[in-house]
Amino acid sequence: MRQGKWFLNGLLAAGLGVMLSSAATGAMAQDEIKIGEINSYSLLPAFTEPYRKGWQLAVEEVNAKGGVNGKKLVVISKDDAGKPADAQTAANELVSKEGVAMLAGTFLSNIGLAVSDFAKQKKVFFLAAEPLTDAITWEKGNKYTFRLRPSNYMQAAMLVEEAAKLPAKKWATVAPNYEYGQSAVGVFKKLLSAKRPDIQWVEAQWPPLGKIDAGPVVQALAQANPDAILNVEFGGDLVKFVREGNTRGLFKNRAVVSFLTGEPEYLDALKDEAPTGWIVTGYPWYDIKTPEHAAFLKAYQDKYKDYPRLGSIVGYETIKAAAAILAKANSTDPEKLIAAAEGIKLPSPFGEITFRKIDHQSTLGAFVGKTAVKDGKGVMVDSVYRNGADYLPSDAEVEKLRPKS
Amino acid sequence: MAFYVVQFLTGLASAASLFLVASGLSIIFGVTRIVNFAHGAFYMLGAFVAYTLTERLSGALGFWGGILLASLAVAVFGVLIEMILLRRIYRSPELFQLLATFGLTLMIEDLVILIWGPDDLLGRRAPGLRGAVDFFGQQVPSYDLFLIVLSPIVLGILWLLFRRTRWGVLVRAATQDRDMVAALGVNQKWLFTSVFALGVFLAAFGGALRIPRDAANHAMDLSVIVDVFVVVVIGGLGSIIGAFVAAVLVSELNAFGILIFPKISIILVFLVMAVVLIVRPWGLFGKPEAPARKTPGLTVQPWRPLSANERVAMIGVLIVAAALPLFGGTYVLTVASEIAIFVIFAASLHFLMSVGGLASFGHAAYFGLGAYGVAFLAKMAGLPMIVCLLIGPLLGLLGAAVFGFFAVQLSGVYFAMLTLAFAQIVWSIAFQWVSVTGGDNGILGVWPAAWASGAAAFYWLSLGVAVLVVAALRAMTFSPFGYALRATRDSALRSEAIGIDNKRIQWTAFVIAGTAAGIGGALFAFLKGSVFPDNVGISLSVDALVMVLLGGVETISGAIVGAIVYKALNIWLVSHTDLSKLVLGAVIVLIVVAMPKGIVGMIETLQARRGRSTKSAMLASRVESAE
Amino acid sequence: MSAAPVLLVVEGLTKSYGGVHAVRDVSFSLSAGEILALIGPNGAGKSTCFNMLNGQVTPGGGRVRLLGRDTTGEKPRAVWRLGVGRTFQITATFPTMTVRENVQVALVSHHSRLFDMWSSAPKLARDEAERLLDLVGMNGYADRPCGELAYGDLKRLELAIALANQPKLLLMDEPTAGMAPRERVELMRLTARIAREQSIGVLFTEHDMDVVFEHADRILVLNRGSLIAEGVPEEVRRDPQVRAIYLGEGLVYDARHRDGAPA
């Protein structure tokens, strides 16, 4: 027992030593400007690896052009292991120990929200990269948080525009049973029913996230005999759903509208079994002919000998946006960063975007098209870029959604 | 009508893969008593190896050969693991093997990413079984039919193996009483190894057979392991028929359940398990667990309160800890607060496990309930922080009182699984009841009041509460109640025979531990400023178990050291490397092998050995004379 | 003996497992200060009978009256509270406690302080525990870990635990099983002395006939679940039926080297 206590004592001392010594190195160098970046690297490597490559490319480009107002841009990146609590620990470390000028990153909605709440509490600027939840800019929005990727609402609005043109009257939905799935279905239903009051919702399946038992789900959907299906499944669940659906003929003579499925992250996993004719949002990197994108694509492929995923774009643009905001503010004071970020206009591989003053949402859009199989691979065809700015509710509605602070 | 038949067949097909993996787990547990947490990892490895092989080998023969080869290869890997790692720890305290296999799972997860890359891998469809069979207008995938036929065949082969071979007879005998088999002169080592190989083979086979349905992915292991545990427990540990029936039961209930309640899947298996265990405490086909025989030589030194010197040392440590804000920055203090909170959490579980002998696999439920209690009070009722901290943990108390009542009716692994089921039910509610709990997005903005918002103030608060809780638990350990609780653990027979109401004592202990965990959760909510469903999740429950086992379950203060080491290591690793799981897993495995009694247990043993080398010789002679 | 109050009355006790009668219509009674032995060959139903008396097994039929109260089907802890101490065939003690603590737990329970969460148990009823250990000759072992004790010492410790609630009746299932011959005699002499001094009724099962015939006031003989003989040792020794059962085993007269095999 006594030994135990001394051991404990020694351990504490050793721990302290490590922390203190590393705290000392955390002092800010004068010619650097630091961004703290957090993402679920160990939990979701398939999404975060391309994302990391994207932002690393951006850091290189920024520094090659002289950095941020002459200072070298440094990104300190931390893993959050997919847990909100760990993300906050990381955010705390970045802010209090590393002294970063701002926080950026995150993929999962709940982690984005946790860091956003941390940012609000500690008064730190936070640029959320990938989380989709509408809450981060609306119901739980705060003045310190900005978000880059087109939100759940925006993607739903883009898809509804296409869905409303379909003759289908009877709709079924399938979505993972958690906040994202529920709100994606919720927004989609609300917007589509508003445009097409004649539509009936005949079936809803809610398999658990990551654990879909696809056979029974597909059977249950088929049994309802809908004209069209809204799908929010993604990742491994999507693969099972598509395979099972193909085998059982669920998608035969039915329209399918699907969130995110056109993103290479999800579509590529399906190889030649990718569904055809689904209306999806996504990123057809092979099909975008604008000069901005061509430049990005070339730089990316030259550096990594790999093609970009949507995560690459988001990672790249997150750091580009952060650098632009830091440069415009010419300060690391959070209030000045907010002032600089609100309404800032900057280029992106998808064209010019802006961060809206009203809700801090960027106007980065997405591509809407149809899935097809080409050369044994799933691709998006007939895709059109939809500017995010056109798929957001009116300012008056946004005012109502966002808390006054 | 055709629809219901097809839905039934679909359920059977789902049951098939569940059964394959579950039967392996059941066999391994039945004989070796190892709660093989790595079973899911072997399943995942089976899928990845099968992917690689079936992509390389061509034709139908290549495909099926690849599936079999992959399963065999993983089984060989399993044998190596068993020989190198598990053999060293069969004699360790119960559940210590769980810790080892947990460490292994962490390592395998990162290794799979290193070897196969981060992407999901979509393998080939089974040759000749790509299509579907028309059944009165409904499509039944031919691969489903294959699975439906396969699983009874596997069941039959296993049955023959266990009934008709000498090996099988020995395995069954070992399932009943492994000491007896050892006494009969059977080479227990190789019996265990072969059983482990068969179990791993079945897991890998189950994984490999997912290739035509599923992409091989990195979440496979954890997504299957809990379900499989549940199936094994519903069926009755060690019963293969039970595993089969339970797999069918769960899958069919799911297949038809989603027609009426589309959101039921997430919680269904746990509901079924909770009901089955309450009605049939040993599962559908299980038999009451033979009381574990205490291995000679493992008996514990009786615990004693701190001596005067130790008290001084303790106070010294506390003074050092309290002085931390003098030289630590905000980050260090926040991390230290988090560690203090986890000390509370681990100590509460440790009280239940070490004093009460009740290993809860769902202790996070009460931690999380405490956190949600605080969040509700702070956000909805707008109460001040102190009030929230005082009342919030009562939600943990309430949960523990309700669930504990049922849980303490069981013991051993069944107790563990019922607590797990309850925790999962709480988790599903937190996860799904979006209008109240915010679902996955949690409840935000639960920040401490101004007086406690500084890092130092919050650290002192956490440290103070941790000291109080640990001291209270320690006092209880040495109180008449603590002795009564230990009595129920040491000998249920004797304690009932001296007038102790075992269940009531255990229930009370459960409520105390749940409340203490709730206090930890309440502080945690304020530390993080938010509450999420993963505060109730399985991984947090597992973390707590690991902390307790790491520190040493047969000690009084093991949880404190375990929590500090594990949490500090975890935070440091997550911050410094993307391969935190690989390193953490390796450290856990090393500790398991090097210190089979946990860190504190090891120190105590060393200390005892130094002081008593003469005594033990005397003891040995006494034991001889008694026999 | 007839003046002593009757402690235990058993009437028509019956138990069967899956159609097999383990105990069939057993009746007897036991008075204060009396030492009663229950003997019979392996599988005769001794242990089942015993376990029904203190409530570990619920009787299939019949009545058990303890101290004038019907306790049929009551739980062991309730039976204990009436003043019945019990030792087990295979010792049941608390291996992670010291010898003294083992007794202290029983005393704490006897004093109804089980839910006391703040006192220090090692300080409670220390003297009382020491006295009990003294009584069974374990005073030198008080601070020894119970898990280290030799088997014979465990048996004595069990006796001390069983005496903690100042019992009026002791139920001892093979009290000397697994002990060395010399220890057996010592333990039974000790038990008999305590029983006589404190006027405790003792019911014990035993394989060692030396022990039985030396200490028992009366003997019950059980075979295949039924009581086939009852009486003072001399009567039982001469009983032809008993002789038939034990014929060939030679146990009735000289049991020297048989170790307690499970019943």
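Going in written order, the chains are labelled A, B and C, and every chain counts its residues from 1.
The rule we apply is simple: contacts are C-beta pairs under 8 Å (C-beta built on N, C-alpha and C of every residue); 3 or more make two chains touch, one makes a residue touch a chain.
Just so we're clear, the structure is a prediction, and the values are computed from it rather than from any experiment.
Of all chains shown, B has the CA centroid lying nearest to the centroid of every protein CA atom. Using mean Cα coordinates as chain centres, the one most removed from subunit B is C. Highest inter-chain contact count (C-beta pairs) belongs to A-B. One simple way to say how far apart two chains are is to compare their mean CA positions; for subunit B and subunit C this gives 42 Å. Centres computed as Cα averages put subunit A at a distance of 32 Å from subunit B. Between the CA-based centres of subunit A and subunit C the separation comes to 73 Å, rounded to the whole angstrom.
The set of subunit C residues touching two or more other chains is empty. Under the contact definition stated at the top, the residues of subunit B that touch 2 or more other chains are 304. Looking at the complex, you find that subunit C touches subunit B at residues 54, 56, 75-77, 80-81, 86, 88, 92-98, 101, 104-106, 108-110, 113-122, 124, 145-148, 150-152, 161, 164-165, 180. On the side of subunit B, the complex with subunit C involves touching residues 294, 299-305, 475-476, 478-484, 486-487, 489-491, 493-501, 505, 508, 554, 619, 622-623, 625-626. Looking at the complex, you find that subunit B touches subunit A at residues 3, 6-7, 10-11, 13-14, 110, 113, 118-122, 125, 130-132, 138-141, 143-144, 213-215, 217-220, 223, 227, 251, 254-255, 258-259, 262-263, 265-266, 304, 306-307, 309-310, 313-314, 316-317, 320-321, 324, 327-332, 334-335, 338, 431-432, 434, 438-442, 444-445, 447, 455, 524, 528-530, 532, 534-535, 539, 555-557, 560-561, 564-565, 568, 571-572, 574-575, 577-581, 599-600, 603-604, 606-607.
Contact residues on subunit A toward subunit B in their complex (touch as defined above): 1-9, 11-13, 15-16, 18-20, 23, 41-42, 45-46, 49, 78-81, 83-86, 88-90, 92-93, 96-97, 109-110, 113-114, 116-118, 120-121, 133, 135, 140, 177-180, 182, 204-208, 210-211, 213-217, 219-220, 222-223, 235-236, 239-240, 243-244, 247-249, 268-271, 273.
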